[in-house]
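The block underneath contains the structure these notes are about, expressed in structure tokens.
Just so it is clear, A, B, C and D label the chains in written order, and each chain counts residues from 1 on its own.
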Amino acid sequence: MNSFGQIFRVTITGESHGKSIGVVIDGCPPGIPLKVEDFFNDLKRRKPGKAGTTKRIEDDFPLIESGVFNGYTTGSPILIRIENRDTRPKHYDDIKDLARPSHADFVAYKKYKGFNDYRGGGHFSGRITVGIVAAGVIAKKIVSPIEIKADIYSIGGKKQYEDLVKEVAAQGDSIGGIIECVCKNVPVGLGEPFFDSVESVISHLVFSIPGIKGIEFGAGFRCTEMRGSEFNDIIVDKSGKTQTNNSGGINGGITNGNDIVFRVAVRPTATIFKPQETINLKTGEKDRILPKGRHDSCIALRMPVIVEAMTAIALADLKLLSLKDNLF
Amino acid sequence: MNSFGQIFRVTITGESHGKSIGVVIDGCPPGIPLKVEDFFNDLKRRKPGKAGTTKRIEDDFPLIESGVFNGYTTGSPILIRIENRDTRPKHYDDIKDLARPSHADFVAYKKYKGFNDYRGGGHFSGRITVGIVAAGVIAKKIVSPIEIKADIYSIGGKKQYEDLVKEVAAQGDSIGGIIECVCKNVPVGLGEPFFDSVESVISHLVFSIPGIKGIEFGAGFRCTEMRGSEFNDIIVDKSGKTQTNNSGGINGGITNGNDIVFRVAVRPTATIFKPQETINLKTGEKDRILPKGRHDSCIALRMPVIVEAMTAIALADLKLLSLKDNLF
Amino acid sequence: MNSFGQIFRVTITGESHGKSIGVVIDGCPPGIPLKVEDFFNDLKRRKPGKAGTTKRIEDDFPLIESGVFNGYTTGSPILIRIENRDTRPKHYDDIKDLARPSHADFVAYKKYKGFNDYRGGGHFSGRITVGIVAAGVIAKKIVSPIEIKADIYSIGGKKQYEDLVKEVAAQGDSIGGIIECVCKNVPVGLGEPFFDSVESVISHLVFSIPGIKGIEFGAGFRCTEMRGSEFNDIIVDKSGKTQTNNSGGINGGITNGNDIVFRVAVRPTATIFKPQETINLKTGEKDRILPKGRHDSCIALRMPVIVEAMTAIALADLKLLSLKDNLF
Amino acid sequence: MNSFGQIFRVTITGESHGKSIGVVIDGCPPGIPLKVEDFFNDLKRRKPGKAGTTKRIEDDFPLIESGVFNGYTTGSPILIRIENRDTRPKHYDDIKDLARPSHADFVAYKKYKGFNDYRGGGHFSGRITVGIVAAGVIAKKIVSPIEIKADIYSIGGKKQYEDLVKEVAAQGDSIGGIIECVCKNVPVGLGEPFFDSVESVISHLVFSIPGIKGIEFGAGFRCTEMRGSEFNDIIVDKSGKTQTNNSGGINGGITNGNDIVFRVAVRPTATIFKPQETINLKTGEKDRILPKGRHDSCIALRMPVIVEAMTAIALADLKLLSLKDNLF
């Protein structure tokens, strides 16, 4: 539910307009150097600020409550809190009974019998991912020397997208995009088939990010039009290096030593500043909604560092699990 | 690793040319009618027979070892075994030291230090999925009245693909394809965000199937070129029914009462009957490989029932988890 | 590791002299009334104050960071923090390299390679149990109408123990005791054999409390001298009520509708104010230790409410798991 | 439920008079030598034969279905089956509606709504432990050089108990006993507090064995009458060796390098050949029961090897988990 991982286990708490976002990182080896400053760069990368991103600005200062002593991880669980300060829950008073189309409002109301915190999407907000980014900073240290780098691949289908984003934002509309993630220096042997293939674990985590609708590894959907003689990656040396990388660095669910490569599809933000038809949650009657609040018109822009964090969490757990393979 | 699920928990064992494939289904409620004949249809759908599928023919008779008594599930764990009879492990003697390109041979050898059962891919074989199909039969009973139906969407990019498959098979080559899965009669409220969104759980399971390289829900990758005003699914009544279904029946990781819709990308079979360059696992030297054995030239053709089974397993677990939501 | 439970899942963080103790309660059904005042009674019962208990006095005010909205649980994870205020970490400077006999100092130093927070036992301190008591308050609401009540059974082997405790404290020594826990209004059918018998889950949790060295259910160790004809509890009506309760309310690992009864053995506090021989962790040389700090001379006195909390956590998870039994 | 362990994970299936007992061992490192003969000694130790044990004699031949290749573990899950051959389910026809006092009959009927396999206790039978012993054989190889040895400590309160057992058996009655288990060559650092202390994990597993009502580590319940100055184990050298071992080799939930020592209380067998009052499960009416069947009059006699197996399973998982502590 709100925990993931078998050894390196991340638990996430909080709501968009609640007191704080919390993240617990358990199963972290002792002796990793860790200080508050280590989090700043990735947390900053997740922050809004560019065209197409929300006007809500949070400090995002990570309060380390436990698990770190004298500048090193202790081996005990690490609780990090990030306080919510720039909250304006009143923005949601007017529309709290109106389900935003394609947002979690309707399902959260039904699943939790109306007890959910509806302000800003509550626990379903992208705000929660600030804790994931913090966990990712630690995970990246564990998987070192693996380097994980995610970037915008396209927005609205375009590689040059700045003008498009501005135009969409000006219209009160939103737009989707694709993120590509590449991991370098990956050892052979991560992944625990049958059920914990690298693709399984990464996709499980990535689909936890609000707004993801697809993922593909290596050649991905393109491979469905390829023949085996064209798709197969020829191994050229004993380290496992291949001529091509249609497999995205993974065979049989296990890393093969080549770069892990995958792309994720980010849908346009659900909340738009255009009137839309919907229903009233309490009465069930048809109604119209025009949200206030502050929202990203292109959430994909803030997503690369979150995808990196999820990937790091996946690989950290798989790395710790793989230690057993060398016991005999 | 080889278990998945929090309440409804599936554990899978076996190798392609070992004694048997085993599957344990735990957390199954008592009182579900279950007899051997219930498995026949789905197991038959997974069997080869058509052009483009392997010549290895197994009985696939499910031996129920435990957990069923007098025609009903007892509430205790169900062990089902399916014996391997049509094995020809000698086919692999000649090539056992040669890594088939884009197959698990190389990673299995490295990860398991050469102790892996290499015959026919061992534990990495698609043969293992026969146990998954058996588990799926039980899962489908648990999720009833949800109906899960997967079908070929395209092979080699074509909707009319019979001739293409024959041509590819005649060349000793292989070809990929896309499977589409649709679930009807889905209640609102399945899914356990943050980490156990419906997409997370389904994708985790689907990427455990050998040969999957991508998954997309609803509009999927197409949504990355859409605007919010175009993508958003307008709710038209209090049951949550929407005009369009770009969300694929899932918002915020939770089912919204509309059909769950997703597509998966199946790569071309790795084993092809054409000479390919590769390396020798023991010596590390370059070599050439030309496999014998019996293989599907289009594994996608046998995949729909496996995708259905994985989806049923995912939804069964989420249904049992969701019982807690109604306690108060 | 620092999480327990399959549906109702508790995660605990913090150190004795760190910033705060944190506890995450996940899998909690929505709609349970919950306010800060609900925690006061149990947290107060855990506090020191009587003879034989430490002079360290904490506010123990529970800060609810998430998962509660408008006075009810939302179904999202609940993070509760309890700040450490009355810390005197300097007390540990003199003895930080000296392993207190029968304390975790030695093993923590070795396991965590010297990176552990040694102040007051760090993550191994009984201080952590304040979070457990908070989780127990919520668990008790979930298991209602089950009533869980734990009490001192004996201290130092005596039922009347006040003078003994004072005497021991005056000597700078410590003393053990036995806690008995009784659960009333228990339904038939909690427990998930084979591995999650009621005894298994309760004992797992109870042995997580620092200082527990034994547990026995029903007649316990006394049953090893009994014959079956004497031990067996005769069922007297169709509700399952029995004449005697040597089984402690559990048969085959499942509650039988009678009171759950068990006792736990609490050892004397490890930290005593008498000089003891030990070794220096850094040099490995023999040395002598005479701790300062503030410590309970009889931790058993503060234990009943912690045992209740652990029992409630166990039964809450088993209750949620048992919902599956009624699906068909 | 029917699985236990975080990395080294054991899943158990089967019923007393069903087709077979199955056990899946997952998370097992590759490269461990393993052949059928390795199981014979421990399986034989579990077999009946002496006075006080059942007349049901099973071959207990372990059929290795998967996970072993060319004499070594492969790293894939191991399924072992042990067939039930000497079954006489008709013995239970006469009493199938009568709940044996202090047996699982009543709770199994209620929990599983009458769908449980009632023959010989079904899934609640001690027969299931044959799979545990098989898993224990593999676990012992993993924890080597740790040596685990369990023995009868007392039967009916006596160290010399042969005559007592014969007398009780002749009367159709049963008797309880105590098993003591000692583990030697234990490294410092096993155990994962807060929730996975060594005592927590061992007790969880040991209380899964049918018939256990208590467990105590080191001085156990006796420590409740001791003072700290008497209880504390003085460390005498830098390896952590202590003068006494009242802690049972565990401090703060972590092994301290001294022998792990614990005792478990085994109750008298529930099934006795004396008439007892009870109720009829179907009618709810009072009735009398006089079982036929074949039963141990002292199950404790067959228990040492089962306790060893559970201990080995616990330590194997904790050993694999502890690998993470050495990463940095």
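Keep this in mind: contacts are C-beta pairs under 8 Å (C-beta built on N, C-alpha and C of every residue); 3 or more make two chains touch, one makes a residue touch a chain.
This one's a predicted model, so the numbers in the text were calculated from it and none came from an experiment.
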Taking mean CA positions as centres, which chain lies farthest from chain C?
-> B
Counting C-beta pairs in contact, which comes out ahead: A-C or C-D?
-> C-D
Centre-to-centre distance between chain C and chain B (centres being mean Cα positions), rounded to whole Å = 43
Taking each chain's mean CA coordinate, chain C and chain D are separated, in whole Å, by 25
How many Å are there between the centre of chain A and the centre of chain C, using C-alpha atoms for each centre?
-> 36
Specify, in ascending order, the residues of chain D that touch 2 or more different other chains.
-> 1-3, 6-7, 12, 27, 30-31, 75, 111-113, 123, 321, 325-326
Which bits of chain A are touching chain D when the two form their complex?
-> 6-7, 27, 29-32, 75, 142, 320-321, 323-328
In the complex, chain A touches chain C at residues 1-3, 7, 9, 11-15, 18-22, 24, 26-27, 30-31, 63-67, 69-70, 72-79, 81, 111-113, 115-117, 122-123
What residues of chain B sit close enough to touch chain A in their complex?
-> 1-4, 6, 12, 99, 101-104, 106-108, 110-113, 121, 123-124, 128, 154-157, 168, 173-178, 188-189, 191-197, 199-201, 203-205, 207-208, 210, 212-221, 223-238, 240, 242, 246-248, 251-256, 265-272, 274, 276-279, 284-286, 297, 300, 321-322, 325-326
